[in-house]
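Next come two complexes built around subunit A: one with subunit B, the other with subunit C.
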Partner chain A sequence: MQSHGFLRTKEIASIVLIFVAIKFADSTPTLLSQKAQNGFWIIPAISFIVIFPSFLVMLYLLKKYEDKHVVQLCEAITGKWLGKLIGLVFFLFAFSSMVFDARNYIEQVKMLYFPESPTDYIFFIFIIVAFFGAKRGFEVIGYTSRIALPVIKFSALLVILLIWEEVVTERVFPVFGSGLSIIATEGIIKASIFAELFFVLIAYKATKETKMFRKGAIIASIIALAELLLFYFIYITVFDYNSIEKIAFPFHDIIQRIEFGEFFTNIETIFMVFWLFAAYLKFIYFLYFSAWFFGAVFNIDNFEPLLLPLAFLVILIGLLPYNSAQTQLVYHEQLYTLMSPFFIFLPFLLWFVAWLKGDLRT
Partner chain B sequence: MRIFSRQQNNNSTVSEKKIIGSLSSNIREMKQLFSYDINKDFSLRTLTTRFNKREACIFYYGSIVDGERINLHIIKPLLENEGDEVSNIVSIENIEKIKEYEKVVQNINSGKAILFIDGDTDAYAMDVANFQHRTIPTSENESVVKGPQDAFTESLDNNISLIRKQIHNNQLINEGVQIGIRSHDEVNLLYLKDLVNQELLDNIRKRIKELEVDNVRNIELLEQYIEERPYSLIPTILYSEKPDKAASYIEDGYIVLLMESSSACLIVPVTFWSFFHSPEDRYLRFFYGNFTRTIRFICLILSLLVSAAFVAITNYHSEMLPPDLLLAITGSRERVPFPLIMEILLMEIAFELIREAGLRIPNPLGPTIGIVGALILGQAAVEANIISPIIVIIVALSGLSSFALADLSINYMVRLMRFIFIMCAGFWGMLSLTAAFFLFFMYAASIKSFGVPFFSPLSPHYISTKDTVFRQFIKKEKFRPGYIRPKDLQKKR
Partner chain C sequence: MRYPILFVVLSFLFLLVGCYDRIELEKQSYVVVIGVDKTDERGVYEFTYKISNPEVGSASVPNTPDEPAAEIVTVQGSDILSATYTANSIVSKRITLDQTKVIVTSEELARSEDFMRVIQSTSRSPQIRGDIQLVVTKEKAVDFLNNNEPLVETRPHKYYQFMLTRAIETGIIPKATLHRFFQITEGDADLFLGIYATTEMDNNEQHNEGIEDKYIAGEIPQQGGSPTQFMGSAVFKEGQMIDTIDGEETRLVHMLDKTLRMEEYIATIPDPILPEFFVSYDYSQKKEPVINIDYYPNKPTEINVHVKFQAEIIAVPSLIPYTQNLEYRKKLEEEIVKRLEDKTEAFIKKTQTEYKSDPFYWSLYIRKHFKDIKEYEKADWHKNIYPNAKINVTYELDTLEFGKMIDDSDLNEVRD
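On to the complex of A and B.
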């Protein structure tokens, strides 16, 4: 870890914001809309309500056990072996999320912009960028996110402004889509769309003061939720319930509809550039955090050499499934279902054990 | 060890010897040290002093001293005046007693006259240096419309005087650090003692002292000796010929390096913004200055990316172009045999060619060749169907924009990166262009100049004047840049 205490609130907030909020621009909305139809835009709110207390408990525990990141925290509470095991689960979740997402993102780029290019080549470019980016170290990742964030968010804002004339607010009805109970269960099962919040916890010690980390993470997660809700709302009001579940990449569909005046009618490539910035950053985070979890579990202090083998593994495993619909709609959904109870209950369990041990009293 | 032994061989005869009481043996020693019989401008003048009636001898390099002053202020007083010791007789402002031959050699090389007196074990070094140099010129490479026009010249004293003229402060220190093993050059560090960060100062001193080189003639070479990443495309030391720029940096707590024979200074440490800014931005009023900054920022982006983006869009994302424009481009390319990326590269190289040749060409020929170059490469190449007219526009745009980036180092960086971006755009269009730009950006963010991150104070954040892409209203600038950790952060109380 090459932290010299250069990172502040803004850097951590940018990382969390890009990491979580990019879910409005991939096929997560499609995944959510399969059962919930046009009520799916409420799902993130429910998920957030379910999972955010757990996140806060985790932050509380990290605050109590000073100078520890999340794996060290688990070790301190549950003992060495069980702690390592939990760390390993964290690693597996982070890594498999990366693999499934990577395939999904690559298919997006391929289908929409490079239909004739082989998937493996684009995969290669993506992961090479993620590898070299991650190789620069966590502080540089932080700076880059901080500087890139305004540009990325400005382009998102531009998308909203330009698509606004196509929004038909009446399409929001029926508000709960195919039913409140379905939305509620979906919201709880898919609570792990916010799993990235927990992956970021490995960087708990990277900021100048840990208070900055907590502040940045909490603020950014709330803004990210707002962004997700806003964009999901736009999707259902632009596409309506019938088409939304059939559209694989709503964000790209939206930017293809955008016109900038009469003269510039196809400006999706401009937004694609900023989307790519965010996507590259997302995989840099994933790769770096995976390596970090792995290093924390297996006591490898200098974990950055692990980036290359992990990057290579991502390409190998990512290319295995037959197509991206399979990875996204089947594997990734199963992963979400698996991760949700883990992230919802683990913090409370840890808190309970810590409370029993009496660590929290001081 | 090899260097150590060589150093000993060089100086063993000189360093140990001391000046003795006998004038004739001192003269013999000096003649041998400076090869008097073949060294034509090494001069000596013997005389008998009036005050103690002894033989004396003055040594100096005729080419680097002021003969008039030797005559008027050393020889004449020694011949005519009475007194008890040399310092009370000669009327020269700077006189120093020395005992070793090593010092004698050093002093003569730096333009001093050395006086030996029979029976005296001290020699007297008197400053009569008169190195030739230009007068103070107007700044040509960093020209401004509004603001001081003078530039550094190849004389250390003049340069320091130009800086002292702007900073009337007794805390402004001019510290000399010796450099070089064979010839003893001196690097002068200028800084404000009550502001500069001590760690940074020690770091720079250490880097200069640790250099094991025969000699470093000027600042331009020194820059390459002390920088951290010699193979990086991104510069980490600022080079400037403007005293007002140097003074403004000193006032913020930076360190300025000067050497005798350079008409410029080095400023450390730097950030991206130091290369991006021009002193004129601050001399202009708030809106005018920021307007200039906006234009310069657009120029930076255009110069880096316009050719590459053109390649990417026309090759891979042609649906982006409005149909009329697309037809115009394809129409103009109809009879051109090369692929588009080839055209762009050809033209970019041609542009660099004109630029380089234009620099080296003797002055009287310059304009003629410039016109021929532009005509042949522009007009004729289009008519011969080697390139399409739109390429000329694109390349001219990117070439012209690069001139707005006044700093030479950043200019080279942009011009080199442009080629890399064009290549990348040729592979996978916007995907690989974005990738290349992104990685370049991350690399730049990871650069540190003497411990200062390249994009601070933007990220990592520091207390500062917030002078990044845009500057603030000048009365609102309350702090010095926090990233160089000055001793006093606050500008105004």
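On to the complex of A and C.
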């Protein structure tokens, strides 16, 4: 590992913020609105309430067992083999999230901006760039995120400002969409839209002091939630419930609608550049964290050479599904359903075991 | 020594992949308007593409060739995109729909059940943007496009952009984007208004009562200029055209719907004191209308609408001193408000009994009375709530200005 502990609160916060908040600009809103209709914009809030305590418990445990990242923590609490098994599950979740998301993102780029290019080529270029980014090591990733964050968020802000005149707030009503019970269950089932928070925990030791990591992660996750809520609110008030269900890429649909006065029409490509920037960062994180989990499970201290084979694996598996709608609406949804209980209950189980063992007393 | 070579090869891989989607501007034909017509066969439509000629009117070409500003091609096909490939047997370059501004459809097609089918295919393609305006023409779309020859603004994209923007600003036609069409049609609660236009003069219907907006396209007596008239709207219910309304009614819709924007317009009313003359005033509305809906499941819903507006008197041909005389001014104010209220009431009655739905997008305001969508859809705004509702629209004249002249010249003194 090439971390010398130079990262601080700001870098970690940037990573978490970009990693989680980019969910407003892919197909997640469409996925959520399938069942919840116009109540879907509250789902992130419910998910957050459900999953955030688990995240805090995880941070608390990491604090108690000093100098360990999440896989080492599991090993320390549950014993070597069970801990490694949990680590493996982490790896599989991170990796499969990456594969499904990658296909989805590639499909967006292809469909909207490069209709003639073959998917394979775009996939290849996309993942190779992410690989080169990841290869630079975690500190460079952290610095890049910090530098990129203001630019990316500024463009998101600009989108909000320019689209604001099309927002009709009455469209959020009826408030509970397809029904309160449906929204609540969806919120719990899809709690893993915040799964990225747990993937970041592998980098627990990367900061100068672990306190900085905790502070950065907590602050950033709250900001990310606010951002998701705001964008989902805009989607529902611009599109209305019958339309949002059908739109595969709401972010791109919304930037197509933006006009900057009479003269500057059709300006979506400007926003697409920043979106692409954020998307690259997202896959850099995914790739790096997957390799890190893999390395941690199989005791490979120098895990960076793993990035290349993993990147190729992403391309190969990502190209397997028939089309992106299927990947997103069927496979990815199943993955979410699988991940949610794991991330909700695991931290409490670990805490319980640690408490039984008496490790928490000190 | 091998690494530099590898690097060069790899960088080619990266740089050249972008060339897949490379296409020269010169090799594309930009369609500005698409016309859609019915044919005798079901499922087959006639598509007309108006392709702009970029060489005309551009400053970068010093000697503008003597070519027309646009080319019009008509082919048959099953949907908008696939017909472009058929059209390519006539047009020399690749047909691109990225810059399309308007879809024109004939009234015949708009009134048929299949209209939804042909227009639905537009939302799937990323080339066709949601902010394309929907225009319904009295004649066939192909005739409309062929007859429409603007005299001054010959570049078609600018013509449509300016023509529609200005007409929407004055409220005589609605803003009718595809996005709005799908939103309202899929929402299944309100009426969508499309732009109504024609190049065919209807000499029987032409009338002139001195009122500037009581027309539907084709009825405006005109001399000179381009033969195209944009006026009034086509009313769509559940994705199918059911009627047309005139410019005046379209303006009423603009006043009562907060999602449609209108800058201001000039209206004329008969002079309350000397009814053979007219008084013109400039109507502007700074604030959105206040709409209150009291929903009762078992008895008629009450809808109260309050509109605040400003007026500025432009012309008083009767030369009655409205500025000075308080009593006269009161009468004028009352007349303006009363006329608006009468017109609105008559129009609402028509929508309730004839259309059985509203063009004002008022279903937005009833939504908050329901907990979830199931309840809302069961209550059925379209069929149940709106046609039976008690609707009360009141207007309030906020300020009445008299322009820069305090008083008109006194006819008696002039003729002295």
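Rule of thumb we're sticking to: the second predicted complex is superposed on the first by the 362 of 362 C-alpha atoms of A that agree within 3 Å, B and C clash if a C-alpha of one lies under 4 Å from a C-alpha of the other, contacts with A are read in each partner's own complex, and residues count from 1 in each chain.
FYI, a residue touches a chain if its C-beta (ideal position, glycine included) is under 8 Å from a C-beta of that chain, and two chains touch if they have at least 3 such contacts.
As the structure is a prediction and not an experimental result, all values here were calculated from the model.
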Of the two partner chains, subunit B (first) and subunit C (second), which one does A:K10 touch, if any: first, second, both, or neither?
first
In the overlaid three-chain picture, which partner chain does A:V140 touch, first (subunit B) or second (subunit C), both, or neither?
first
So in the superposed three-chain picture, is A:I125 touching just subunit B, just subunit C, both, or none of them (first/second/both/neither)?
both
Could you tell me if A:L180 is touching subunit B, subunit C, both of them or neither one (first, second, both, neither)?
second
With the two complexes superposed on chain A, say which partner A:N242 touches: subunit B (first), subunit C (second), both, or neither.
second
Quick one: classify A:P115 as touching subunit B (first), subunit C (second), both or neither.
second
First, second, both or neither for A:N266, with subunit B first and subunit C second:
both
Is A:F352 in contact with subunit B, with subunit C, with both, or with neither (first, second, both, neither)?
neither
Output check: A:G39 vs subunit B and subunit C. Expected answer is one of first, second, both, neither. What do you get?
second
Can you give me the overlap between the subunit B contact set and the subunit C contact set on subunit A?
113-114, 117, 121-122, 125, 128, 266
Interface with subunit B, subunit A side, in the complex: residues 6-8, 10-11, 109, 113-114, 117, 121-122, 125, 128-129, 132-133, 136-137, 139-144, 146-148, 263-270, 272-273, 276-277, 280
Sort out for me which residues of subunit C touch subunit A in the complex.
14, 17, 20-21, 98-99, 123, 126, 129-131, 161, 165, 179, 182-183, 186-188, 258-259, 364-365, 367-368, 370-376
Applying the document's contact rule, which stretches of subunit A touch subunit C when the two form their complex?
37-39, 111-118, 121-122, 125, 128, 168, 170-171, 173-180, 239-243, 246, 253, 256-257, 259, 262, 266
Subunit B residues touching subunit A - in the complex, by the definition given at the top
313, 316-317, 319-320, 322, 428-432, 434-435, 438-439, 441-443, 445-446, 453, 455, 458-461
